[in-house]
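You will see chain A twice below: alongside chain B first, and alongside chain C after that.
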Partner chain A sequence: MSDLLGWIANGFAQGSMIFLIASGLTLIFGVMRVLTFAHGGFFMLGAYLAHQLAGGAVLSGPKFWAVIVCGALGVGVVGIAAEVVLFRRLYALPQLYSLLATYALLLLLQGVATLIWGVGTVSLSVSTRVTHSVSVAGASISLYSISLAVIGIAVALMLSLLVYRTSFGTSLRATAADRQMASVLGINVKFVFSVTFVLGVLLAGLGGGLAAQVYAITPDLAVAQLIQAFAVVVIGGLGSVWGAYVAAIALSTLDAYLVTQYQHLATFSFFAAMAFILLLRPQGLFGRREAGA
Partner chain B sequence: MSKVYEMLPESVTRRSATVRLRGPRTRSWVWRIVTVIVVGYLLLVVPGERGATVFLIANTAILALFALSTNLLVGHAGIVCFGEAVFYGLGSYAASLISQHMALDALPLLAAAAATGAAAALAVGFITVRIYGMSLAMLTLAIGQICFLYFSTTGSVGGENGLVTLGPSHAAGIDITSQRHLYEFVAVMVVIAAAALYWVYRSPFGLILRVMREDHVRLRYLGINPAAVKVLAFTISGAIAGFAGGLSTFANQIVTPEVFNWTNSGSPVLMSALGGFDSFVGPIFGAGIYSWLTDHLTGGTIDPNLVLGAILIVVVLAVPTGVVRVGERVRNLLAGYRRSHRARRDHA
Partner chain C sequence: MNPKTIMRSISPLAVVALALAVAACGSNSVSPGREQGSGTISIGIITPTSGADAILGKYVVDGATIAVDQINHSGGVGGKKLKLVVEDEKLDPVQSVKDMRDLNAQGINVVYGFASSADCLAAQPVAKQLDMVYLGSCNDNSLVSTKFDPHFFQVAASLDSLTNAASAFIKSDYRDVKNWDMYSLDYVTGHSQVDAFKTSLAKAVPGVQLGKETYAPLDATDVRSYVGSIKNAAGPAKADGLYVFAYGAADIAFLKQAAQADVYPGYAEVVNVAGDVVSDEGVGAQLQPTWNVYDYFYKAYDNPLNQAFAAAFAKTYKSEPVAWSAQADIAMTSIAQALKKTGGSSSANKMISALEGLSFDSIKGQVTFRPSDHVLEQSVVAYHCQGDAKSSTGIACNHWQVIPASEVLPPSQVQR
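The block that comes next holds the complex of A and B.
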């Protein structure tokens, strides 16, 4: 029982970080029809910025959260620049080209990170008050895992409120459904694109900041989490925020279980599940089949 | 309409469908001379160079072959596969494993590598037969990651350290233990395989591939089954990728699970984009640029990824037809500019 609780806690913690990348991916896919490779780069940048802002000090609780938020905002600024310089030009291009451009941007971001911080590992240290463990029903669960789980569910809730309960959300769904028609109806499609992209980047930056304390920060961090986020997005159904959330939590919990019990099977589960779902249900668990696709 | 055909529409080339489908407009003498020079350089000049140069050029040639095989799927058939490294890697491992257990000649080893790549590609093509576009890209990426994890955690294939092999000592009975002879063997094999791919490109089947990229519904109207074309395209591409993988085992004498890393599936697509998806020779140029850049920048202060990323962005935005057609693109732009200039003048 306590083991199970531990797996679930780890699953929620890891899953929330993956979800923060995946939510942006799935939103951007909704409007742009492209899974952007660059998202992993923004995630990595979030981790590096948090490290940079901390300046090597061991952070206390409030400072830590301030650093994370500032790091995410910094990534958001980079995201705005990327949108203005690059992404704006991609919306009209064929999918393969926008896919490649996002891949190029990922390489570019990794290159910049290598240039500034080197290929070695950097880290972010936090006072133990943020990470200490509490005992819940016999299981020892880190307070940080609980924070991550709360952030994950809060982001999922806020995104679904944004998409389904605001006028911007209506514009977003209209744009996702039919770009041209939405534009004819007076929706500023370009604005919707820009906001969605920057929002997604902001979330990835937040995820990166939160991961800075858990993972070793290297330029490769961009890729490790990205591929899992791709899997989650595809399994949940492209464009579905809740699908991504459920898939992220479920797979991460399964992964946390496999890591302790059958270590050689860990992370296989993500890709095996992705292949399996794509073959049986190409639109994903919560996705809607597109007309004629 | 299925989404595949949005992936590479005609805007890529801005040329009429006939020209786009027919392939090279003429058997231009310029290209013939370039081919002769390149092949002559590879076979006659390079073997006399320094060891490191020969090694680099051998690997570039193998990379170019890998990119050509990828472009058959991605550029010509419009099948966006992000798992080409699977076929390449399995070919590498097959050549390595077999040569560890049997002292075989290089040619049967390469045949085994190609057969392994082809078999894997046949399987992948078969199970993904009804999956297109972004989903296919993601599915092939997942298959690549599964291979990566399997090979890096399985002790019997060397685990994370991979396999080290001395490689075959003979090819068709000729000794290839010296670096020079090994290089010559690799170069000849790359040229033969590239010629085979060119033959596919020029054949009616190559034309069918390009028709499928443009419009698979019309292909069906013509009485051709797109599913069969897709599976066959996968198989041919996988065979050549496996062949290239086998050659890389000989040239490097080591194969590690890194070969399955998704960046190794991404880079041949990147090379094809740099050179030009639409042309046959594009990937060769792309591989040359890629290899030259990574060689010159690795170990320096600037990460090669930075430069590659920047170049790729410029290519995608400014010359989507790739460097092979830069001249044509510039001419088009100039003509367009002149036309609008004249129109404005006449208007005034």
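The block that comes next holds the complex of A and C.
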């Protein structure tokens, strides 16, 4: 039982971090049909801003969470600039342009991070009150892992409420379905795009700040989780937030189980599962088939 | 085409161009140098200057630069100044081979570097073919045994030396710790390191029990599941000691995530072979008490050369030198000494003859390149670090033990 709880806890913690990147990716693609590599850069930036705001201090619980949120907001500001300067010009262009341009933005963000913080590893230190382990049914689980799991579920619920229970969400879904018709019906499509993009970037920044406590903070963090996040978006179904959440948690829990029981299978399980699911459901778990497909 | 359309087309391309420019500025890659002039002798450095381990490359270049500056300040070699030409290893064997060829094309015959043993092995046939000599900070045992080649000289303490040192240290200070789990990286060196440790510890501490082995992917940033796997092993048959082999970003990931998973309280001691202050500072104040076993710790060597080196390093780079910098310094010193013997000639045959058996004073005391297998006979140091919120680096390392070469060096396995 304690083993099972350990796998689930690790799966939820790791999956929540991947979900935070993937949720933004899937929202941006679902609404704007833009595949963005730059998301990894915003994730990395969230980690660096959290480090910078911490100022080298060992953070207590409330200060740690405040630093994470402020770092995410800072990334959101950078996201606004990126949307105005670059992404608005990509919406009407073929997807190849967005892949190239967002990859370039990823390199730009990594280069800027290296210029500002150097190539070395920087750290974010937090009080053990935030990270110590607690005993749950005989399993010793890090409080931080529990926090990540709670944040992941909370973000998924909030996004779901936003998309399905608000007028903005109605506009977002209409724009995703048919942007021209939405525009004709009076929806400010540009506004919907901008808000969706910044929201996605903010989530990536939040994920980065949370990751700063777990991973080495280097410019390489920009690509550390990006491939898995893309895999989760595809498996969950492009444009589906709950799809991304279920896929992230399920695959991370599977990975956690395999690591302890069949380690030699763990390294490729993520992508083997992706191939298997897409064979059965090419549109992903929660995605919808394209008309004529 | 109207101006708005042109702008829409140009802007993404402009961002691409700008991004490449900034990425180039931000990276540590250095353009290949020009062919050496008559007043200089160029030495190639192949080390990661980009990617997750770029910090290791920075320490290598910084250490080599300090050494070369000191050598040039003392008159150089035969009146000629030494000059470094740096290429990005990218921790990729294919890139490493390309770098060797690029350096050779510039007239450079002597190279130092290689953070990865896989890259060292890849460079071997190229060095043979192009008649180059290379000194490596790679420490896989096969390089000085089954895959020995006379063009290679091993500057870093070999894996066997590190594991012998860890075992000697455990024997002297923790012989009551009878059960050991092992955590390592899932690649050639990670596995051979664990095998060597098991053999070495069983000889040093009779009756020792070897527990679970866990291998995490070399490039994994999230190793919580692997860390959880270790912790699960500390069940009813609880292991007392944890042996860790990891370095760079992989080491930082382990140290952070093991601390959060409360792995440390389950073990009497954690010994981190190849761990060093680079990783420890990356964790900062949350670092749990850990014994690092590696080539060098700046406080451990009380001699004028090391004091001068550490002082110059701290003055120039505002940080203390680490093992990677020390290895680079020793390599540059040995190259300079060898060049003096060859009269300034860097031809492979002359350099090999000069380096074999070369005994010289270094920052770690007197060291010698063993003629049979080109292993550098040197001590290894075990030093204890833990998080310290009051320290500017976030850590404090106040205990160390130098294990002499006679206790760590394995016998030569090369018959020549």
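What we mean here is this: the second predicted complex is superposed on the first by the 288 of 293 C-alpha atoms of A that agree within 3 Å, B and C clash if a C-alpha of one lies under 4 Å from a C-alpha of the other, contacts with A are read in each partner's own complex, and residues count from 1 in each chain.
Here, contacts are C-beta pairs under 8 Å (C-beta built on N, C-alpha and C of every residue); 3 or more make two chains touch, one makes a residue touch a chain.
Predicted model only: the values in this text are computed from it and were never measured.
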item: First (chain B), second (chain C), both or neither touched by A:275; value: first
item: More chain A residues in contact [chain B versus chain C]; value: C
item: Partner chain(s) touched by A:154 [first = chain B, second = chain C, both, neither]; value: neither
item: Which of chain B and chain C A:185 touches, first, second, both or neither; value: neither
item: Chain B versus chain C as contact partner of A:6, first or second or both or neither; value: second
item: Partner chain in contact with A:99 - chain B first, chain C second, else both or neither; value: first
item: Which superposed partner A:224 touches (first chain B, second chain C, both, neither); value: second
item: Which superposed partner A:259 touches (first chain B, second chain C, both, neither); value: second
item: Partner chain(s) touched by A:35 [first = chain B, second = chain C, both, neither]; value: first
item: First, second, both or neither for A:89, with chain B first and chain C second; value: both
item: Chain B and chain C contact sites that coincide on chain A, given as residue numbers; value: 86, 89, 93, 97, 100-101, 104-108, 110-112, 114-115, 267
item: Complex contact set, residues of chain A against chain B; value: 29, 33-35, 86, 89, 93-97, 99-101, 103-112, 114-115, 223, 227, 230-231, 234, 238, 264, 267-268, 270-272, 274-275, 278-279, 282, 290, 292-293
item: Residue ranges of chain B touching chain A (in the complex, touch as defined); value: 1-3, 6-9, 11-12, 74, 80, 127-128, 130-135, 137-139, 141-143, 145-146, 149-150, 153, 262-263, 266, 269-270, 273, 277, 301-310, 312-313, 316-317, 320
item: Residues on chain C engaged by chain A in the complex (per definition of touch); value: 7-8, 11-12, 15-16, 18-20, 22-28, 49-52, 54-55, 57-58, 186, 214-215, 217, 221-222, 224-226, 228-229, 231-232, 249, 252-253, 256-257, 259-262, 278-279, 281-286, 387, 389, 394
item: Complex contacts: residues of chain A adjacent to chain C; value: 3, 6-7, 10, 13-14, 17, 56-58, 85-86, 89-90, 92-93, 97, 100-101, 104-108, 110-115, 118-126, 128, 131-133, 140, 142, 144-145, 213-221, 224-225, 255-256, 259-260, 263, 266-267
